[in-house]
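In the two assemblies presented below, chain A is common to both, partnered first by chain B and then by chain C.
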Partner chain A sequence: MVDVLVCIKRVPDVGGQVLLTADEQAVDGRYVGFTVSNHENSAVELAIRIAEATGGTVTLLTVGPAEAAEQLRATLALGAHAAIHVEADPAALGPADIAREIATVVTEKEAAGADYDLILLGNDAADTGDFQVGIRVAYALDRPVVGGVSAVEVADGSLTATGAGTDGEVSYAVPLPAVATVLEGGAEPRYPTLKGRMAAKKVEIETRQLAGAPSGAQRVRLTLPPPAPSTVEVLGEGPEAAGAVVDLFERLGVAR
Partner chain B sequence: MPDVPASAKCVVIGAGIVGNSLVHHLARLGWTEIVQIDQGPLPNPGGSTGHASNFIFPVDHSREITDLTLDSVRQYRELGVFTESGGFEIARTPERMEELRRRMSSARAWGIEASLVEPAFVQELVPFIETDQFIGAFWTPSVGVVDSLRAGTIMREGAVAQGALTTVPNVEVLGLDVEELPGGERRIRRVRTDRGDIEADYVVIACGVWSPKIGDMAGVSIPLTPAVHQMISVGPIPQLAGSAGEISVPIIRDMDTFCYERQHGADMEVGSYAHRAILHEPEEIPRLDQAKLSPTELPFTDDDFDLQLEQALELMPEALGADGAEMRYAINGLLSLTCDGSPILGESHVKGLWTAAAVWIKEGPGVGRAVAEWMTHGQSEIDVSASDIARFHPHQMRREHTRLRTGESFIKTYGIVHPAEQYESDRDQRLSPMHEAQRKAGAVFFEAVGWERPQWYGSNADLLEEYGDRVLPREHEWDSRWWSPIVNAEHLRMREAAGVIDLTAFAIFDITGPGALASVQRTCVAQCDVAVGKVIYTPVLDHKGGFRSDLTVMRLADQHFRVVTGGAHGMADKKWFADLLVDGAELTDLTDRISTIGLWGPQARAILGELSSDDLSDDGFGFLTCREIQVGDITVLASRISYVGDLGWELYVSFDDAAALWDRLLATGEPYGARPVGIGVYATTGRIEKGYRAFGYELDGERTIVEAGMQRPKVKAADFVGKAAYLEQRETEPAAVLCTLQVEDHTSAAGIRRYMLGGEPILTRAGEPLTDGHGHHPYVTSAGSAPSLGRHLLLAYLPPDRARVGTELAVSYMEELYPVTVICADATAPFDPENARIR
Partner chain C sequence: MILVWVETEAGGLSEISLETLAFARSLAEAGGGIAIRAVLFGEVEDHEAASRELGAHGVGEVRQVVGEAFTSYAAAAWAAALQELRASTGSVVVTAAGSQRGNEVLAHLAARLDVPMAANVVSFDGLAPFVVTRQVVGGAAFEEMRLDRRPALFTVAGHSWTAVEVSDPAPATWVEERPEVAPADLLARVVATRTKAADGADDLKTAKVVVGAGRGAGGPDGFGAVAELAELLGGTVGVSRVVTSLGWRPHHEQVGQTGSRIAPDLYIPCGISGAIQHWAGCASSKTILAINTDPEAPMMTKATYAVIGDMHEVVPAIVDELRARR
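So, the complex of A and B:
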């Protein structure tokens, strides 16, 4: 039985052009809405599979504004069992603060009897891209960590995590409890079911306040890279183009 | 990237279902040099068409919308993109069952096959539905789904192949250039885009939710608001997995939860109109490159949908709750809503600048055809006057009005809406000068194009006792909703003594100048070259001889005519007259400067006589004449005319003096028994007893003077719009004849007396359908009490062979038959047929 803690973050669901808020402190989600990143969705999927396979549980944790409850509910609907919400204005927090808050929750919950054998995070946040939180959490909890993996398996008190390396696939074996940061691509995230959505409504989200004051590196402002030149390639017209379209879909991974 | 052509006969902005249908029909009608542009790519530029659920339920209570829908279905079928699935509207409550019975009335009236069925019947065709969730359903076998993107592509490419059309996608409109012509007329000149300018004679704004933004570029208000309709797609559903094609299971409209469930391959689409109204501004819709999916597929807001999810799951637990069935797609889709629920079509006040917006998939091709015909011939085969952009009064052009009204009406998309139901929001926009006095008299106000009009007066409740059962009381809540027996009491008092009626909502405009006579002559059917001081009641026709309006014209001087018409279509009438002005004629709108008070009844002459020393005798002030009189210090233009069938006058008075005149008439009238009388009498009981027709009910673009029984012995020599058609109509047997019918027995099976409200089908006594020469089925165009006759009367166009006094027929009301008899087969008045009382 493995209990997995998955850390998720409310981020704008950017598909097209990225817009910044007027104060340049955040990505503007006005047109696109909010979600959790693909990396985190993959982490949730892996967690649910491990919990299902071992009869364990999935607990979600987020540090974010009151509205982040929407992302907790949406993720609970996929099959997670519990959710913890540290309410905070993310703009005021750097990656060290987030890691400290996660570690604090884990320490306190474990002191109270919980046992998070595995902590999964996304490899990096979709909006701020700090690439630090997972490593810092592991350091704070003094646990082994593997980064950038896309598949995880748990067996006999050990975590096997697999990811792409420069020379091919790399597998890591680390003892539990452990931390892993997940890259999308390994496990296709599921969509919610109606029953799952309704069950999620009934879960009581545990809300907590920040454990400490912000410290460490703080954000000055976000900047946008210059827009990438857009290129349009016409694949063809009429039925003759079908083959090229199928090839493209396979290359993009949307058809198999 | 190609530039746009430098010039065009017509530029169509938008390549959704409306723009594509329009270019197709324009090309079919012989237009060439059409340029169609869209800000997005083809075939799905990212507007509402791209995410539409694409299903069509043909039955609507509105004839205009039903006609457009049926025409659209016909076109979709011809294009090979229609799949018939059948559809159920299910009822969870007895109130909804009653509404479904009313829907049966509309289905019978419009000749659409439909029936009421038991839950078990629904389950036979939709095996996974839970029958304990509802009590009955309305079954329409001809419900289906369409591929609106494919339809649009076929139509657009057809016009291109014909050489009539150039379509350029990915073009952004930057501006519309309007030219001021001498005389103040404004005309469209060019469309400015990011790929160059296009000189054009005609421009059509057909870009859905973006239309207001484009209209603003020419100073034209297109009062629609983008609103969210939530939709999810759940699948794969094992019960659907094996079925062939897009849809084979009938569509369910769960009317009481405002939801629908529609198969889409192996998925079930669940859509909702139950959530709060979520309105957007056209300027705040994301651009294509800013949107995640498309500009009109906005992020789904889960919380707004949770209740509907639960209800849908209860209705179809086995399917929607099946293992592996996931919510794979969920959007807040944008669609267009208007303040009165009708589309926005027709030429704006900028000449050559047309609109075709706020149109749903089910009306798209029908609208395309109607607007193309209108642009080509000056009118369309299907009467679309309820959708005319010219209908809007200034208060309706405010974005706030649209927001408030659509915020109120969104939840009524699947609602049970009484035909007389009043809006609550944004009221008190236009108050007549006597409003305060009316409020004190307990007036119950109904709204007419912003005006607050007393429908009846609480202060007249004392008359109920006096008249007893003569007020024809109604026992059933539905029949008596938005109604009061006081209306009939006021009617009886007017017939006995006199009534004073506020008619401030009239639209009034003057035609003046050397071209005035020629202008009214070419616009009106009746002879307008009459002596100064004459009042003319006249139909106004379109080019094909259908009704544009009916109204009165007063000749106030050689070169001065005053047109008085109903408020509801007053703005459209004004545009029609303005468009037909000849050189040397000018139109001035006086609506907000002149108030009208009606005084009618046997004591009218005595009452006005006490207030004025002018000669009011029949010899001195004959019927259908007008002139200025003095009522003390108030100058009043008095016109001896009547829409209620009694002696009296319409008194036109400046806004400043109207309240004083109102008070004097009532004070002087009191000893004579006069009372303030509401619009319930003016618009329904008074006129229906007299067989007077009303535009929008009996009269519309699809009806003729001959069918309405309104032809005069002679036709004037002067030419007028529709004359050729009218002359031909006079030589041909009518395809239908407007008749007055009386209800012989009101008692329902439950022993309750029922009173029809309008829209019900007329059938044979045995309940068989009737068909007129147009292929239409008769329905009640107006229904109302005739208190002087102690009867409930109905007006309906009947097949000519049934249009005979004494013909025994039946009216179907809430799916029960009530016997009716034809009492007038022409315009003869059921009450006072000799018109002795008016003299």
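So, the complex of A and C:
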């Protein structure tokens, strides 16, 4: 039985175009939807598979605004069992603050009888992209951490994980309890079922307050790249453009 | 002192690490001529060539970390070694390339030293306070971040700088180091590597024509016409990171910040949105012809030419037309 904790973050679903808040401290979420990063969706999928295979559980944890309950519910519907919500304004927190909050929850829950043999996080969050919360969590809990893995398995008290390395696919074997940060690609996330949605509605999300005073994100401000004037020449639409494209190849001297 | 971890790749120095050295040199000059030390892990095929190359990129001294503990990758152990070298050299800045490993090892170092770490930095804006600009929101925005504590730790986004050699190069001095490593730092260590098959990245870097494909390819079977077009034009296939992460195509075909930087006469990105991290790898293409269903996609507005449409219809039509004109 392996109990997995997965840390997910509510992030704006920007699809390339972003607007900033007036204080330039965050992405303006008023005109965009919110979601959970692909890496974390993959982590959730891996966690559910491990829980299913071992008769264990999946607990979700987020540090975020009240609205982040939406992401917890949506993810619960995939088959997670419990959810913990540390309510906080994410713009006021840096990655070290978030890691400390996560580690505090783990320490307190484990003191009360829980055992998170495996903690999964994304490799990097889609908004702040700090590439470090998982690693800081591991140090705070004094556990080994593997980074950037896309497949994980648990057997005999140990975690085996694989991911893309510099020179090919690399694997790790690490004693539990352990932390892993996940890159998408190893496990196709499932869709929620109606039964899953119904079950998720019944789960009581545990809400908590920040455990410590945040030290902040060292953020001066966010900026947007300058708009680049487009000078593109549209050759046409659909397959009918093929003639114009091959004319271009001939002009460029690439059609052999 | 600025300490730069230089990654090795197939026995040589990685291109994005050399770019990181260009960033470090610019920072060193702004700081009034700070010395740059490089750190290398593991074996290097040719010491002399490496010390000449590092010298040419502004490094005065190299510390090569050797010993059994460093024969395979272990982020914690490598960070422990950097921590020790940071202390013994009194470095105020430690930096590395914004690769997966660069970000990972620097995050370990940050956690060990309890200081902030800035990932994927593209420039620095001031020294006192030390402010860097880095990519956030998948490259759609930038963040100016203060790094007040010392050492300042950051990684440099791939292909955001160009590697340039100094005008008066001298080979870097070579020093071997054998740091002690605590057993706990070796728990999460690479235990096996499945080496990739023949690396085709060199084809990509020298090809005159690259036909690109992204998520718009739709799946591992969506590359047939793209590969055919590449072949007809005597070129090669390049893909976005989405494509390699999903395992549709091998990593060596990836174009971008964490893949190859290409500079063909013609790049034809099909079903690629043109995120900044992809653009970093293809911006040097002489001509870009984008094919995309979305005329508003960044690739479509930044390209030289565009065709609006479904790549699964447009690319086969181009292939047919090319064949018909032969």
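The criterion applied here is as follows: the second predicted complex is superposed on the first by the 220 of 256 C-alpha atoms of A that agree within 3 Å, B and C clash if a C-alpha of one lies under 4 Å from a C-alpha of the other, contacts with A are read in each partner's own complex, and residues count from 1 in each chain.
In this section, a contact is a pair of C-beta atoms (placed from the backbone, for glycine too) under 8 Å apart; a residue touches a chain by one contact, two chains touch by 3 or more.
These figures come from a predicted structure and were not determined experimentally.
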| item | value |
| --- | --- |
| Which superposed partner A:193 touches (first chain B, second chain C, both, neither) | first |
| Chain A residues touched by each partner, larger count belonging to chain B or chain C | C |
| Which superposed partner A:183 touches (first chain B, second chain C, both, neither) | second |
| First (chain B), second (chain C), both or neither touched by A:17 | both |
| Contacts of A:201 with chain B and chain C, given as first, second, both or neither | first |
| First, second, both or neither for A:34, with chain B first and chain C second | first |
| Touching partner for A:73 - first (chain B), second (chain C), both, neither | first |
| Common interface residues of chain A - those touching chain B in one complex and chain C in the other | 14, 16-17 |
| Chain B residues touching chain A - in the complex, by the definition given at the top | 234, 284, 286-293, 298-303, 306, 309-310, 312-313, 320-321, 325-328 |
| Contacting residues of chain C [partner chain A, same complex] | 7, 9-10, 14, 73, 75-76, 99-101, 103-104, 107-108, 110-112, 114, 116-117, 119-120, 131, 133-138, 140-148, 155, 184, 187-196, 208-209, 232-235, 244-247, 251, 265-266, 273, 275-276, 287, 289-290, 295, 297-298, 300-310, 313-314, 316-318, 320-322, 325 |
| Partner chain C, residues of chain A touching it in the complex | 12, 14, 16-18, 20, 27, 94-96, 99, 123-124, 126-132, 135-136, 138-140, 144-148, 150, 164-175, 178, 183-185, 217-225, 228, 230-246, 248-249, 252, 254-256 |
| Chain A residues within the chain B interface of the complex | 13-17, 19, 29-34, 70, 73-74, 190-195, 197-198, 201 |
